[in-house]
Structures are given as C-alpha cells and as structure tokens.
C-alpha cells in the first residue's frame, strides 16, 4: 500500500494478484447515458433516475449478475427485483445451475474444505481444472495441504520426482502459481493400481484433455468428450460389484475402471470435485446427477464427499442469499408478486433467446462476453443498465452505465467461499471520486422506483 | 364451443391457467372475459388480451374451447382441467395441460416444454413437435406423469417422461436424450430415433424405440430378443433387443430397441 | 484450402482469468481469449503455424481467432477456445430446459483464414451487436 | 383486568385518555409465544430450502405494500417465517443449531427474519478444543474457550448434538452409547456432556446445556436418554435445571428394532417426574410432508437409508456436521404413528408443565405452523380420540394415549408455549405480563369462560392459528392473522464476562487457528455491528 494505491499482494493466487494490482485499469469513474447512439457522461442522479424509469416501466425486466458483489448488495437486488416484478438470475445459470437442479433431485454429500484438508486421502477432480480456475485449491485444501489426520502429499511427489528431471516448463509455471518451488510427476500413464498404490494422499484427475492439473495428479483418466455420464454410471455399477456387458466405456477399458472403483471404495475419506466440465457438456445436470449418486452410493462402503468447483468469487453467496429470501437459488421470477422458479423457463439465457425480456439490469457481470450470440443480441436490443466497477463488453453496449466501487477492495461486505463458509470482505483503499458501492446505488434506484410507482398510483 | 383469438401478438409470456373448461363452464362470455391472467408482471383479464366468442353457461362436460392464432407464448392452457375439450389451432406455450385430471387437448401446431407435466388423466395430442420435459414433474419432485396419454406426431425434446409413474407417452417422430429418465412406471413408445441415453436411471416401466439409437447405456444388460412388444392393446412389431436396467440404480426397467435399425448393437447378441 | 472437422471445447484458462482482471479492453484479454488451441498434428494438416488466423464454423455461427499450439496433448481432433466473446459466436444457445447452453463438445469445422482479421472487442461489438 | 404498555414495556399504569385501548374482553391474553427450539436460519436450514423447490411452489406468499414475498411450506423463506410466527402470536424464537464457522450466515438470515426476537445456539459438543481440553481435564481452559466462542459467534447457549458422534462421522463412523470413546480423541460422550455441563455452570449461562442425545432416532435409545439425564444428576445444585434434553420424542424409543419399536415415554416421564435437574421439549410429530434437518450427520444418513429420499450431508471442519432428508410422516405407518403417540405421552405423563415444552423441532417432526393442532391434542381427549382413530391399528393398540385422561388447561398451555420456555431460557423479560416485562402480547379470540376446549377443540385450533392481536414491543404488528407492521426483532447473545482477562486464550487460538481451520483468525468472530438489533445479555462467570 502506497498512498491509497496497492503496490504488492501477499498470499493470493495469480488471478487474485492480477485482480488487486489491475483493478484500477480500464475504469471510467463517471456515469454514462446513451444519447442518440453515443454514450455520454451524465450525473449520478440522472443515471439513477433513468435506470429507475427503465425498470419501473418494464413488464418483464431481467436483473442479472450478482456473483461479483457482496451479499449485502444482493439482498437489495432481490428487493428491487420483487418491487418491479422482474426476473433475477445469477451467474450460476451458466456455471453450476445444472448442479443445483440435480442436487434438488438427488441431494449432495458435502462438507467444508477444511474437513478435506484434515481427512481426505483420495482426491478426484472431474471435469475441473483447479490449476487454472482455482490456483490455490490443491495447495491449500487438498493434495498438497497438511491436515490433522493426513500429511501433505508433497514428499511423495518430490521423492518420485527426484528420479525425473523433466518438465522444466511446468516447474516454472508451478512455482509461479503456488509461489514455491516444486516438481511434477512424469507424464506416463501407469496402471491405476500401480499409480495409486501409495498409502499417502492420492489425486486423480478425470478430464477430456490433459490439463495442467492432470499433470500434477497421481493418475489421469481421459474420458471421451460428452461421455462423462456413461463413465459415472458405469462406476456406480462397479462399486455395486455388478458386471458390464461392454468392455470399454467412454474410451476407458473396464479393467481400469474396476481398479479405480476399488481405490474409491478402499479409501478412508474420498472427495470428488466436479467442475463445469460436467455441467456444460452433453448431459449437463444428469452428469452431475450421476456424480452425486455415485458419491451417495459409495457412502454405504466408506465416507465419500462431493463438491462443485464454483467459479466467480461470490456466486455461492448469490445462491445463498437468493435461497433464504425466496426459497430458490437462481432464476427467480417475481412477475406474479411471489417467487417462482423453473430454470429453462425463468432462466436468463432462455428468456433472452425467446426474446421475452424488455429491459435489463446487469450488476458486476459481463454477459455480453459470456452469453451465446443469440442471447446477447436480445439483451442489447432492449434498454440495458450496467452497474460495474470496470468497463466491460456489456458496459460498451449499455444505455446507462453506473461505475461502482470494487467490493473487497474499495468497500466492505460479506462473501461466501465455494463451501458456503461466509467471509468478511475488507475495504483497503478509497474508491475513485463519485464511485459508490453497489449496495448504495441499488438502494437509490429502489428508492426512485418506489417514488415513480407512488406517483403512478396517484396518477390513476 | 367457445373461441379465443389473441387481440395482438404477445412479446412477454402470458400465464393463462384459467383457460380450461372447468373455469369457463357455467359462465357467460362476459364473465369469462373478466377471468384474471398475467402478461409478464401486468395483471390483465382474459378479455383484454383475447377476443372471446361463443355460447354462455355451458355444462363442464360439453364445454369445448378453441384457440385461434399464435398462442406459443400463452402458458398453462388447460392446467388442472378435468373435463371438456381444448383445441389449439396454432402453437401452444409451456405447461400445456399441467396437472391435467381429465378431458382432452388437441394442438394442431407445436407445443413448448413441460407439456402434460404432472398430469394424472386425460389425453393430450400434438400434431406438431413438443419441447423438452414432456410429462415431467416439477423441479425436485419425483411425482411425474401418473396417468393418461400424451401423443406427439412430430418430434420431442430431451427428458421425455422424466420421473414418469404411469400412463402412455407416444412419440411418432424422434426424441432427444434421456427419454424416460428416472422412470418409475408407465410406457413410452418412440417410433423414430433416440439421441441416446434412453432409460437412464429407470427403475420400472417400458420404453420402446423403433428407430436408431447411437448406443445403449453401459448400465443396461441385454435380456432377450423379442419379435414384438405389446403397448396396451396395440402390438408393435420388431424384432427388438430387450435390455434391462438401469442397473446403476438397481432398476428393473425394460428397454426395447429395434434390432433391424441398430446393427451396431449386434455384439450384444453374444451374451444371449 | 484444407478443412478439418473437430470437436470444440470452451473453458477457463488461467491467462483468461488474469486477462479478465487486466480489463476486458486490454491487449492481455484479447491475447488470452481470441485464440484457438490446436493440436500440433492438426496444425500440420491445416498447413498453419502458431499465430496464423483460423476460422471456426459451427451450426450456430463462425469466428476468426489466432491459432496457438496446444501444450496439453496430444489430442488431435479436439480444439479449445477460452470463454469470451469470440467463443460465444460459436456455441449452441439451446438449453434443453436446463438454463445452461451447450458450451462443450460441439462439432465444428476449422480452416485457415489468412485473409481475415481477428476482430478487436470493439469491432466485434459493432459487427455482431450493432453497438459501440 | 387491564395491562398497561408504554415504550415497549409493561408498566403500572398509563394515561387512559391518551392511550390506545384494545378491548380484549372475552378473549385470552397471553405473553408472546417463546419457541425454545426451531430451525429457522443458517446454512443447514438454507440448504433445506435449496433442496426442496417442490416443497415451496405450492405454498407461496405474494408481496404486499407492508410485507415481502416468500414461500413455505416446511422450510419457509426468512420473511415468511417471521410473518407466520407473528400470526400465531409468537414473538421470540430460538434457532438451535449454528455451526460456529458459519455463524455469520446464521446471523445474516436472522437479520432477514422479521417480527420476532431471536437467538441461536452454537454447536460445541464436537469442537476439537472442547474435546481436547475436556480429555485433559482442563475444565477452566475449556470454559475460557467456550466463552470466547459464545461471544465470537454471538451465541446464546451451549448446544450438544450427538456429542462425540459427529467427530466420529468425520470418518463415517458414530458412537454407540455415552461411554463409547470418540475415535482419535479418547474421550467419551459422558465426559463431554458432564464437562460442558460444568462449563455451563462456571460461565453462569442463562440457559442450561441444550442436548440432542446420542443414538437419536434409534430403537432402544430411551436408555441413552435416561443415561444422559442421569450422568449430570450429581452436578445439580438446588432445584435449578442444568440440562435440557431437546425433541425428546426422538430419544424415547423402546424396542430392539423398527418392528419391535415401542414407546419409552413412561420410563422417561417417571424419571423426569422424580428429578428437578432436567427439562425437555416434545419434538411432536404431525402427519405431514416435512423436511428433517439436524447436525446429527449419522442419524440423517440412516434416515436416508430408511426412506430412500434425497440426502444432503454437510460436515464442518473441526466443529460439527449436519444432514437433511425430506420425510413424510404417515398415519398408517406403525413407526410414524408410534412416534406421534410418544410425543403426546411425554407431554401428558410429565406432571409439571414447567418441565416439558411444546415444540415440533421445526421442521423435523412437523412445521411450526402445526402448533395449534398440537395444542388441541394436549387440551382435548376428544381431539386425541379422533386422531388416534385414524392411525395404524397396531400403533393404536400399543399407544398409552387412550388410557390418559389428562387435558391441559389454558394456563398449562401458556406455560408450555411461553412462560416455561422463557424461564428455562433465562429470558427474564419474556413469558410473563408483569410490570417490567417486554410488551410482547398475544390475544386469542376465544372465551375461556364459555368455550370448553375439550369439546370445542376445533375452535381452539382456529384461535391459536390466527391471533386476534399480536403485540411486539408495544406495537400491534398483526391482527386476525394479517400483518399490520413489519418490525425487526432483537438478536440476544450472551456476553460472558470473565474476571481474569483471557488474552492467553486469544493467543492460544491464534496459534492453533491455521492448523485447525481454513479461515483467518481475524475473519472468524462476528462483530456486534453485524447484527441489526444486537441485544447482549452480560453474565459474570465464576472465573
């Protein structure tokens, strides 16, 4: 910290560091309003007034984003959505939404991350690449962490690695990410039983491509794209000691699967982390359905837990707040005055692709950069309001842009870790002149909307 | 006969669960016009959005409703209806005949997702295509379609007959993935092709696919080859491979797949 | 000109994650997401080198991006584009009643595009969404 | 007789001409209801909400100019929870299971739960610090750490759930009885219960230890329940209770398996009638579709195995666990019907109404909205006859209810639903209408002089289902079941004052924090400013 500027960052991952060091790039601290095709600077009051008018007048507005702001702001957002009878959705919808749908069918055996640090001796990453998406995950919570009942698996790696002097590139990358010098196992596919023979903590990666995480693993299982469902169901059958009519599934020989199944049943406490590799590929919620069922089934033999690898920093918080206020975690439709929920019907992508929405409010998110073209087209064809600290693809296309303060850097709040542990976010620097927290901006819009409605009410 | 015509095209979805013989019966046209419906977040009356004509004060059982024009954004038509008839001349929106307890619905065009969800009795016939989740339950519930019949002359989407517990679903065209997923009982007949994963997680019941299937889930085991299958009174001629599953869930469901259309499955025959 | 049928994956990469934090308009972001990771073997087949422009086409649209060698291999027939506006031009918006479009494992066609430019974010906005 | 209210308190008299006068003649006037055990907030409850869209979509509440929208049924959203309690004349609710690590979450939800005062009990029976200090016999050290935790989490009472069993569940195991040592920790549940009971006395907490017994929900567990009560017997001083055994119905099973299940209510009642150191609450089953959720991971897994319903498990590092399973209690099921009978038997066989309180362990045995039904069963043999006529024949034959004539009076109902619970919780300003009490008042439209609750039990149900008036802190917040004003309740928490400063505790915590948890020491405690209406209750500990 040097006079209200962050100069260096401690114990954050590469993404985190980039966030802290560069949060102030590409910002326009002034609100903007589109006047005949051009975004021009305007006063905050004007921007808020305009936003309120757009929202109060709409008959099917969508309020989207929420995963990169604080729970406090989300609480206001829900009140606003209720007031204007809109649809409120968060980024789960294109991340772990399908996971939620299958949890609602099957349930989920899970825990907090510390539980795994202390106890897990078998760690499986399925369709998830923690190295790239969650750079500190392996190091802090799983294979390389040290727990009460489980030593770190570092030694195992180091000893095996002293033999192999390969993978210089990877080495550099690793130490870059994990901030310490480590080595990596060779990239030969041994038979699982050999690779997983050790008593120590073991790590398996299942994915369609050999990711960086895969190279850290004791065993990498490559599954053909879009065949995860078959593979998971086959495993479920094997742990029930049933036999299969086929001799390979998703490009994996049954003999290998049988060995994996034995390792899973044989561990003391296993965990399966699954990522969007499952939720986005063919089968979507049913892939997760199978994964959740697999873990549930193994609990008849040993303790096994499962956890989605959630992305955006407070997406778990968004689901959490949505759920306690409305009963539903995302895709909530207030158009009838009470919460309704049916992803596929009330989820933002579907509403946009059907061209039903007639206005949009985006908070701390960039759908234009993350939604399919068809959805984006319908989003930008309607009046669009963006509340975001930085300039984004979406803010470029908006009709009203209200720059806000960075939560966790320029303003405080509460956020949830992916295992539902709530954490306080602190304020470390002052926001730029005139940049208010999302919470305040939303409260002021809500206030204006209520004034407008009141006038309307008196009008007729 | 009571006829409805949309007065204008709808941009946002219209929720009209009141369009049922049960709600129209014994009412004058003017009373019917005052029934409340939703257009997006705006409360409206049926009369505001539809031109309504026809006779008044009909008895429920003689009450038939005809909807002209495009109602592909009108949701919940025929919800919970127990008697009478609804004819949709164009397309119909989501949740058509949701929780239906009797009577008949005929759609000349296509219909969106969740047609006949949670239905208990009655018949729904779609001349065009149907969306996803035909006869499915609400999220989180395992109480899918309990009885009655849904006939789709065109194609249907994903998860047809999800958590189905009884009744018949007949698709003359093709179906997407996961037909009969988590099926508990009942019968699904697909005369076209399936995109695969048929019968995933099924416990009981019968699925017949007369067309091509890319593959059978590894958690099904072949049981026999049958010359034909009985569906209610009707006899569907094969021959069919008969699989049992989904063994991953300890299921006893029966999956019939055409032998002729699926030569790539003949390796299963070595187990017979 | 050579064409290939491939299976298209999209996903997160760490540089995309960092690039994002540098700002969506930054060179870093563009560098990290307007790219397509291709197996060296496939590159040979396409007669292209790292840095050349390639055009991908799916049933839902097409996009021009820079080709880079995939270090995660070998997996011929599978190409990878990080999440971002360029990938979005290609993915399948249908959600099959789940709310989630199909972002992984689409069948796509890839070909060299020597003549064509990789759009900047602003130009992409103009071209596809008529906004600036 | 008049009750005067001023500035949210009950006072001697007020200026009649200025005062707003409510004519409650011919009605029942009671203090606002005080629920001693109801799962209304926190990670576990919220996961229950997430798990059950099918529970919500048939029971919705639209927004009004005064109230927020929401959903029911068995796991209502936060606003709806507050409104529904207020409509029944309840004004104070205790949230009984808070994983300390997730305290912030619980308080965030309690802040969004309007209309009622509330408090929450941190789960401490399987916390590593407790297990280790008690194993080493360091009671005072343990007390200091518990004190730190109570104020760090803004908690109200020491909650034990299947003590020792939850730590064992960390590796998928459980403890068999109160003398079965906890794996890796070599301490028994008995030592944990006695230890925390002593800690509770050392800290002079307003409430007793709040215990969910080992073996809960297993046939034959009434013996465990008796053992649990007995094991602290010799710690009692005077006639103040020192242990509260919660939702006792689930711990009163006799028999060796589900087929031979029988009621252990008689034995438990016999013991409780003969001892002063223990209080109970019912955990009354009502036949309906509900959602079970406890911190008792192993028990929830068994429930999943029995029902085949979807199952959620959530273990919390170094502290506790939890599980959720949707569940339907069916009249015709022998086991469910027997459970229904056990709850009522306990309430009717325990003579002193100050010893057993009305709960459903919401939502485990039924949602709290079923209280009026239970009240009618307690007050009317006819109501019980009617209900028992519909249950499983075998359960009916074995049930003790037909032989029980006792019928609760309105006074006894008032004790079981507010006076008794308030006293047991040590909430001095609640549960009575004496001068100085909080002006939380419930008026029920029923004339006790004219209505015989034994015959007119349906009238009783209606009256207790919709209060004529609910008054919170001197304001009319609900009338005839309609919310007139939305108010924020207080959050009570115990601020334990130790005579000697406990810096060494803080430093000891700091030292071991990274080892035990995956969060930073600074991020763990919930600051007082975090609560919308913080209401600390200071106590002076013996140390």
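So that you can tell them apart, the chains are marked A, B, C and D in the order they are listed, and the count of residues begins at 1 in each.
Assume a contact is a pair of C-beta atoms (placed from the backbone, for glycine too) under 8 Å apart; a residue touches a chain by one contact, two chains touch by 3 or more.
Small disclaimer: the values here were computed from a predicted structure and weren't measured.
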| item | value |
| --- | --- |
| Chain nearest the overall C-alpha centroid of the shown protein atoms | A |
| Centroid distance [mean C-alpha coordinates] between chain C and chain A, Å | 21 |
| Euclidean distance of C-alpha centroids - chain A vs chain D, Å | 35 |
| Cα-centroid distance, chain B relative to chain C, in whole angstrom | 38 |
| Centroid distance [mean C-alpha coordinates] between chain D and chain C, Å | 56 |
| Multi-chain contact residues (two or more partners), chain C | 96-97 |
| For chain D, residues contacting two or more additional chains | 51-53, 57 |
| Contacts with two or more other chains, residues of chain A listed in rising order | 101, 104-105, 282, 334, 336, 341, 343-345 |
| All pairs of touching chains, each written as two labels joined by a dash | A-B, A-C, A-D, B-C, B-D |
| Residue numbers on chain A that touch chain D, as the complex places them | 71, 75, 79, 82-83, 100, 103-115, 117-119, 140-141, 148-149, 268-269, 296, 299, 302-303, 305, 319-321, 323-329, 334, 336-341, 414, 416, 420-424 |
| Touch list for chain D against partner chain A, complex | 41, 43, 46-47, 49-53, 56-57, 60-63, 68-71, 75-79, 101-102, 104-105, 108-109, 112, 170-172, 184, 301, 304, 309-318, 321, 324-325, 515-519, 523 |
| Complex interface listing, chain D residues touching chain B | 51-55, 57 |
| Chain A-facing residues of chain C, complex | 7, 9-14, 17-18, 21-26, 60-61, 71-73, 75, 78, 80, 83-85, 88-89, 91-105, 121-122, 125, 128-132 |
| Chain A-facing residues of chain B, complex | 11-13, 15, 38-42, 73, 94, 113-114, 132-133, 138-140, 142, 177-178, 181-182, 197, 200-201, 217-222, 246-250, 268, 271 |
